[in-house]
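The two complexes that follow have subunit A in common; it is paired with subunit B in the first and with subunit C in the second.
Let's turn to the complex of A and B:
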């Protein structure tokens, strides 16, 4: 995890209309290069919080700093250079006649042209496996492909931070894993990833840190492994840990560790126990 | 209120209980009556009466102020333009080539009050009748069910489309789309990514909705569709409808006698 902070949130309050308080004094630091999962029940404030990161929402009070800049003083367009926001539904952004044009739309808005634009578009198409579909109309492709195009079109803008709002909703497991593997490779390249999701398997598989929200406030913000050790937090937010983590906990009397998060970790621990039992 | 596209005010007043067809009759006869006459006093009295009627249905004060705000341009422009362009009778004062006459002002005020009254009659209907009842009443008076369904779905989806616009606009802004830059042509062009994405989403939704309705047997041939909520006339509804027809007949007689047709003098 990198040490410098890319997003700072200070005493952030936000209200929808006058009566619905969506965020209640949130304080948060997200380090450059982190992979953070934002989890919590519906209405806990997840999307409201992350929409502050690229200026789509402005604080009612408090402050959000991105790369040291106050989001109230920088427009959404300028923040898009730093924060790439992938919306939940790819159809909310797809409008171009070809996939290539769709991927090029964001970089063109940033003023790119010529070789640099072409290079970015080609690289994004390659990275997301879209080269074959570059000249196809994106709107008529399958949902999985439309989802990839929506991420690729943000990726081509080369933001330092990616905010992914429930990116795997509506995708089957294979498509989810394919997309998340690409996201992981982006993280390995140094991008900061902020993943809003209800899928705890994804959280355990990919996120280093987890931010648990409840009723517009932060319930916990820690390493994912630590979060999933704390059953009281999971119970309070109604979060079900992945089955493999639950199974591991139930096998603690056989020597299984209490912080297993993934099938691979379980397998490694289980093989170790098997050896010791023999 | 401006974002919900539903003007209905949920109350348990007498007006809410009246059959929506009777209220529809009131709208039609009321509007025709207002067109029959031109007298300022008549218009103001009718406007006051419809206000009382609407208030008696439990309509909150902010709905009235919303109506008056909406009608403000009408109330300013019509008397002003009428006075300027249609001077008649005794001249009160002159400015350059313009003549200002009390009669033209009265006529302008009467026309504005007429439009206010017709608007408030319509709003009385919309404030006291929920969308589905409006559709049911229109179907009952002869509109084909499919048309009624289209109307109901359109009303239902207006806020959804507005919400869709906001989400799509946010999604494109997040990709650095700036709709506030450049001249008017550039700005209009910059709305294309929002409008096209919206159109694609709306078409996709319409397609899915069509299939969903079809899979729930909408339009099944050889079957007469039944209704879960039947609207029916009560004794009170018949009485109100009869009273409306009699009152309208009385208005027609007054009009035939030439009463309330002069802007100033009711009996002229």
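Let's turn to the complex of A and C:
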């Protein structure tokens, strides 16, 4: 495998019970250090696919390689060193008496102890702004904080790849932005990020690449900018682009580009056409 | 009299641990909502939006306990003086997770449950089911299991099951969180029609500023247990710094308007169509020439 590929999926099929085919021959390479959004309707196979990356699900047929290792041959525990998985509901993974213990749980399970463990825990607490809450029980903190703790506890295991399944559901704007800024900084540090979400504003703001699933198969896998240019793909999957992307497309006859993803990009392009008119 | 009247409402949940302090959530809410008004309620996570919804059908404080002070009136009924089933037939509440309120084998039975428990005659119930399912565009699913529907369909059945009680007020607590964009559009479409066609009063808890801006009559912002802001969508979303300060989003076009404003011109956008109309005419008014790259 190419040295820069971290996840390889080869002809992956998966069925729930015996009759429902959830994945229909998926082929996919995810590059090390990429930031990939996984998008599509409910039931299109997003969560089923990413659960194969950490071995929670095993292929009915086909193969999933993570860091070159076949997920059928290495255990979930060993995969946890490479892949960190943040679940939709933080309360499904939070159970310790204090935030510090919660964050320490993962790395301790990987066999870390002493100064190395403490160092990692402190760094994670710091990075996620949890230092002052280190001795508080997570259960009494607000939902936004519990969400951060759940990400910090995965971060402390220093996996190369983070899978985040709808991490901003139930968070208000401030908590969403603060979480996503941290995710972006993890990406800048070289971590691979796989983000499952319905929030197209987040996709356009943060993800370089987008994987569009439909009906258990890949409809498109490309740079996010290319995906959001192609209205027919978005329409086919019922995805509504962010307001700002739609507005720019609607204004193409005035010289606006068809590939605007963010408010900043729109502003720059609009100021640009104003200037070229003078 | 307005359909919803809330006067100086204070509420604290019972202590989380024995001997602990009550948890103060609502700290002096005053609110009136007129018949047929569609009001969206925004607020940071944990601010008490759901608690306020539950105060409208009496579950707060009746089923929750805690300390309750002030008055809540729905369709003229004071929630202190009437039991939850009576209040629920005046103010129906739809929750985030529709599945949590399903327990029947078919969509039809699910929708029948509310009116049956109100003691409505069978013939009227049949008519109500027919009407409620047609309002949410789910008539052809009446014999299906509610558990085998898509997320948007489930939420529409949940709305129908409330509608069948013919409440004057619908309270929807983040009804589309967890739905994909198509499911969201289905649910918001139904809510919009309800207001337009059936003159139902709607209180909608929602975070997506773009959607709120498109069809709300009024926006209410909660912060710190109180109502911090109230006004039309454009009055609220033009206060970008204040909204961000509370931790809430504004529509992308509102941010864009601010970013494009300078000494010579000011743009205040709330809705997509406003932004399009204003920016396209501004582009046309510039001295003639061709746009960048055509």
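Throughout what follows, the second predicted complex is superposed on the first by the 275 of 278 C-alpha atoms of A that agree within 3 Å, B and C clash if a C-alpha of one lies under 4 Å from a C-alpha of the other, contacts with A are read in each partner's own complex, and residues count from 1 in each chain.
Here is the rule we go by: contacts are C-beta pairs under 8 Å (C-beta built on N, C-alpha and C of every residue); 3 or more make two chains touch, one makes a residue touch a chain.
Predicted model only: the values in this text are computed from it and were never measured.
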item	value
First (subunit B), second (subunit C), both or neither touched by A:109	first
A:169 touches, of subunit B and subunit C: first, second, both or neither?	second
More subunit A residues in contact [subunit B versus subunit C]	C
Contact residues common to both interfaces of subunit A (with subunit B and with subunit C)	none
Touching residues (chain side subunit A, partner subunit B) in the complex	51, 54, 56, 75-77, 80-81, 83-85, 87, 89, 91-95, 105-106, 109-110, 139, 153-154, 157
Partner subunit A, residues of subunit C touching it in the complex	16, 43-46, 150-151, 177-183, 185, 207, 210, 244, 247-249, 251-253, 255-256, 259-260, 272, 275-276, 279-280, 283-284, 286-294
Residues of subunit A touching subunit C in the complex	40-43, 140, 142-144, 166, 169-175, 198, 200-201, 238-240, 242-244, 246-247, 250-251, 254-257, 263-264, 266-267, 269-274, 276-278
Interface residues, subunit B side, partner subunit A - complex	164, 167-168, 170-178, 192-194, 196-197, 200-201, 204
